């Protein structure tokens, strides 16, 4: 039981000087100015710190089997690294293998995740359509605490779905009170361009962004949004990285559609120049999809976040070490796609967002936690500093500096894409369910301490195209 | 002292079953589930009702001298009518007469408003530029509780300002922590078209919308936003009525600019057909600026409100009776511009917004109260249901119906533009500073009970064009 | 041999008083003011008439087998009707049946078309992809006079192609100096909506437009353009009927892409209200794809034609009589899609375009003839009034009126969608290959007089996305 | 009398191998393949050359008094330099001095221009509004051969006009069959920013672009277009240099408005980096308005030219030598605005347009000559290679290279902004009124040989907003 004393509580709505009491049920007991320390409570001095809801990362891939290998951060190491960065919840993805049912896959992922150090939930990927899928979606929403599904418009011949499946899944999800999320890239175009580039002998990682140009994302995002609009269904576009996709989202929202967009800090700070190096491994480490873009796209991402047309920040955390990346040494299409980031998301956003004058601290909380909690129906259990909410709290030092390095990070991967960046703003203390799990560089993550986030269906304001 | 019991508290963030205690200082004492009734507190039964922050109307013109006459609702009758509709605060406008200083005018308006039944604040209009204006803006912000200024881009040879004045005022306001608001219509174009139409013998009210077409608003809005963008200054566009202006705002926000837009319920429900009548007076009563538009513009206004690119609802409440409207019987340019609305704003927005499935109750609170409080730095004194906030509360009956009529309304004007509309959703009880001022049709407004809203400067996140 | 005397020659570039001599090889011999009549030439008095290039209709379906029946206008009756309306050339479509090769199909269509009364060429539809298709495209361009291919993004499980096929065909065509044309509607969405509507018992023709909403066209157009843009390939969108598709084209052109758009006069003058009738047959007769739209879309089509962002006018002429339409009496998806129009295209465009002040006569020529000739590489053989050009000429009476009726038209179909319209502007005389084939209501069409238009590859200015 | 033999005649419509005969009246006598050389005609060998209409530069300022000095190229030297570059006509500007009437000023300019070596016409600037201006506009159109007027939205307290004047002038011009042209920059904003920058001690030429950012042009262009749209009047935007202005034009055209846009080659090839030099004079030489822009704006200019939404190329040729530029050594607002360019316009456009694959040769002719002739009603006297047209012809060597230098140019100014550029494509021979005035580097310009271009009113297709 903790008495967080003397800090400035920052929520998505406001900042105020207040103390916070965390009860023995792992929830917040009271929020108020100058509270007395009840008996049995330990005092945490939050003087000079911001007391914010713990971060939620709605897009991670812990120990995911992908492209013939498995992501190295497992649910324990990955969530532990998250705690070190102020992130106290994740929503990961259940990706059913070929021929595996949705429910079996969900159970499998539940088992893998049992070792998590922070709370976790799952989006479940829909990769084909049939009556069983239709039924299982119902079971997942009604009995398994899943209220979001994932769809890949890329990765042809693997995870990609046709528009028909997208329509049926969106319709079904919408009726169930769930939301569809979409990886938006035109898979046919990507496959065509990959083949074309390889045929031209362009096998290196610098061909990766050429095979997935911005238009390919913009097209798919606009298509997914159009399909959702036909059905009056909500849709959430993951890892928006381009002006085109951001604009597609903003346009649809101005027509009254319920569309959300997610941004990765990577895309906010890196551009396509990361691939312009003769160091193969260095470039390969930045191979993720969507790739890094010409710099001007960043303006649209920031503009979307600032204006409220883009809503969440995530990492698409997916770790592959040098040996794994090597699989694509002679063929960029075989480089496992993915970059790490869960530990650094909040610092990067604070530094480039708040410190650089683009975001207020309240907006920072909205973008790292509250908006995600709302969209995926975790609010106010998560994303809030209020009585009854889970005591997942980060004490943020807005002025402290740190230099990012794989040498010191807690992620189970042999590089850090932010290597060498000196950032202002860090998680001084992280509290999960009322317990201190990170303080002043001391990580006290507990294997299996995380709980499954059962997310119920959300009755949404029905949106019809105007 | 009141114990509001058994209702659903709705804020901009969430809805929860909770009781509210209003203390003897007119503030909210406690919010929580199933509270005990303290000694000396009267119980108000809120069963089946929504307990929401009282409405704030950021755009009214009580007893304004305009076009040779004076608006008939004074600060008492107008604010009393507001209370009957659930609105517990207004922000009115100080309009300095020719040659009158800003400070003198502000004092004059303070005196007129002393009789108000609800709380009130002022935007101060800047209608010319000189060193005295520059100094007075400082005094108003630093000593008089004014943090917003108004500018007319129309009303040539009267209130209209040139771009140069707009630039200087925006710069000054921005430095002071104030925000500029803008009536956006191209005054040169309006004056030209008026003269042109009159010369053609088109003297009736049906010429009014022709003299101020949508493009004229869109142009001015875009211009004001461009000028603000050059300075990195925030700007607030009043009474957005067109697709063009809504789009100008949304576009700028996507570039990272801090721009806000205000919508009037009138524009959400009426279109240009109101002028197509042979009943001169009927048409004249709808003469306001900007005028009612072709119907498709309403989609953009709703889309803006739904997406968060338009932010507040107001009324531009400005009452002129039949005898006053008659001044323009033979010349539409002499019809006093203005329509009433303060009493019905919230019902109209609930009915067409929430009831019709466009807005959630939380969004309704944001659009009628909280967003305005935030933008004009009244939050969380206003716009919140939380300990310490002013006990300005409306108990909203979401299902009750009423038919609007001048015969029964409390506004001091001889017509109601919503006459005959049957709306679902009304203020069952209104509480101002912890006192019931309206209940079940019984208006207990007290002359002079309203307090001046001193609004301090707002340190904003500095926005630079990206 | 004709001497067309005393008319105003109108081309896409200019209007001038000039005579035209048509030689005995069916070509124009000379154009000039006040020419002498050479020996053996018949004088045609063109006083008060406009002497314009004969119309070219780039989108017809004569005797097409479709949806279990065959279009009733064959190559003779259809082209003859065209001559009566001033159209002297068509480009029809070779639609390979399942399992039929491209070359065989092309030959089959050549045979069917041998009876044509006017000149004709073919676009060849690509409905699948394999090596044979790749080879046949080369043969068609290099040996068969085909420089354009057609792709259906709709008609799922029938003609529809995936994005992959579109990409491969565009790439191949672009290398060959040919252009791809696209029917842009999202076939998955259409099939889904059809099935959904039928399941709801909505079986009538009024459900047809609901199954193919504007967004479905806009999405597909934007997708096709994006794919073409990736390849730097030109693309031509047939029957643009929506604001969304028009905007997609205009946006791409402003990025430097080579994109063309075709408009049907039907879409310029009819809106969705044609389906709002209890007369089943009347509504069924308007069933074509894309369907008729909400009225405001027409502004975008006119704007596109006026600004030069849309380029050609066509008819999608495809005739089905009452008995044929009856096939869908109980299921709107079985109504043969198609409307007639070849005879009236030019009059409708003159009346609503030139007469109503939207288009100049020169622009009319560009939109009915010259632009099509340029895009499909028939210029200046067609689309020009100049020495050496084919003497395909229409003497246009700009002021004559006629009322359209199936009772008097020459199309082999039992209705006319323009029935009852009184239009100003008509073909007073039509000349094909130097011979009068229509004059003052006297149709002298000759079976088999038409010639095959062999269109060679076009070396285009290479366009790369900027 | 000339027989231009063996070249490829290129017009805006087509390219064909043809000879051209120029008669003794300075007009084209005949165009045709393999003509015989008539008696008395000199043969000009055009083998390997393109025979194109002479260029028209619609925006020059010869010997203009401006900012306290006078542009150094006078009507003789300037037009002579034009001939050396293939430009055979200019349209210059009559700029009435304060208190000078329009007619007097026009006469004054006629006198100055009498020494011109090529043909010339005038736009007349409207800098104020009164009844005399209204009358004089009529006289100029009806009696003086002026069919275009110029308006400055910038240069506050000098040439700038208010919106009211713009409206009245557009209305008047439109009624007269004339067109208004507009220098689009928000003059209030420019003046404000200039003053602000100077007050901050930013006095160097690098502050010049900061004082006139892209938004300032975009705003003004959109405003001018909106005003024209209200009146249904055509409008022509000079020197479009930004994405914003190009988009404003394209948007309006898609609404059916008649709007034209002009581009300077300078803006196509230079960006704002020209001001980033410590060499004051070098930077000062690039000081013109609108200034050079961030590079991405060039894409919009090219896209506009390629898509047909921008129409002409001009130079804004306005020469100030080092001594003159020095006037602003300590105050960038006093640097005479202007850059030379008439001699190099066509080569720059050929090299970066045709050679780089953006434009076809036909489009090149349209953009350098024909479109201008059409818009300003000089076609087909100018802009055409056809019997009866003026024999103003350039024989273009598409493959010849030359390196631009002030050391070798013919402009009367001590620098060339294109200094050092090696361009492909040049005027091998220039013919004015049937006489060779430039051949293989030999300039035979004749003082006073130019004729006044009397341009009559143009009956336009009436455009109403759709």
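Per-chain residue numbering starts at 1, and chain names A, B, C and D are given in the order in which the chains are listed.
Note that a residue touches a chain if its C-beta (ideal position, glycine included) is under 8 Å from a C-beta of that chain, and two chains touch if they have at least 3 such contacts.
Since this is a predicted model, take the numbers as computed values, not measurements.
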>> Taking touch as defined above, what minimum step count separates chain B and chain C?
In response: 2
>> Return the chains shared as contacts by chain B and chain D, ordered by label.
In response: none
> What is the distance in Å between the mean C-alpha positions of chain A and chain D?
Replying inline: 54
> Taking each chain's centre as the mean position of its Cα atoms, how many Å separate chain A from chain C?
Replying inline: 50
>> Nearest whole angstrom, what separates the Cα centre of chain A from the Cα centre of chain B?
In response: 39
> Multi-chain contacts in chain C: which residues touch at least two other chains?
Replying inline: none
> Taking all chains into account, which pairs touch?
Replying inline: A-B, A-C, B-D, C-D
>> Quick check on the complex: what are the chain D residues that touch chain C?
In response: 12-14, 32, 246-247, 250, 253-256, 299-300, 302-304, 306-309, 357-360, 363, 379-380, 387, 461-464, 466
> If you look only at chain D, which of its residues touch chain B in the complex?
Replying inline: 162-164, 167-168, 186, 188-189, 191-193, 213, 215-216, 218-219, 222-223, 226-227, 229-230
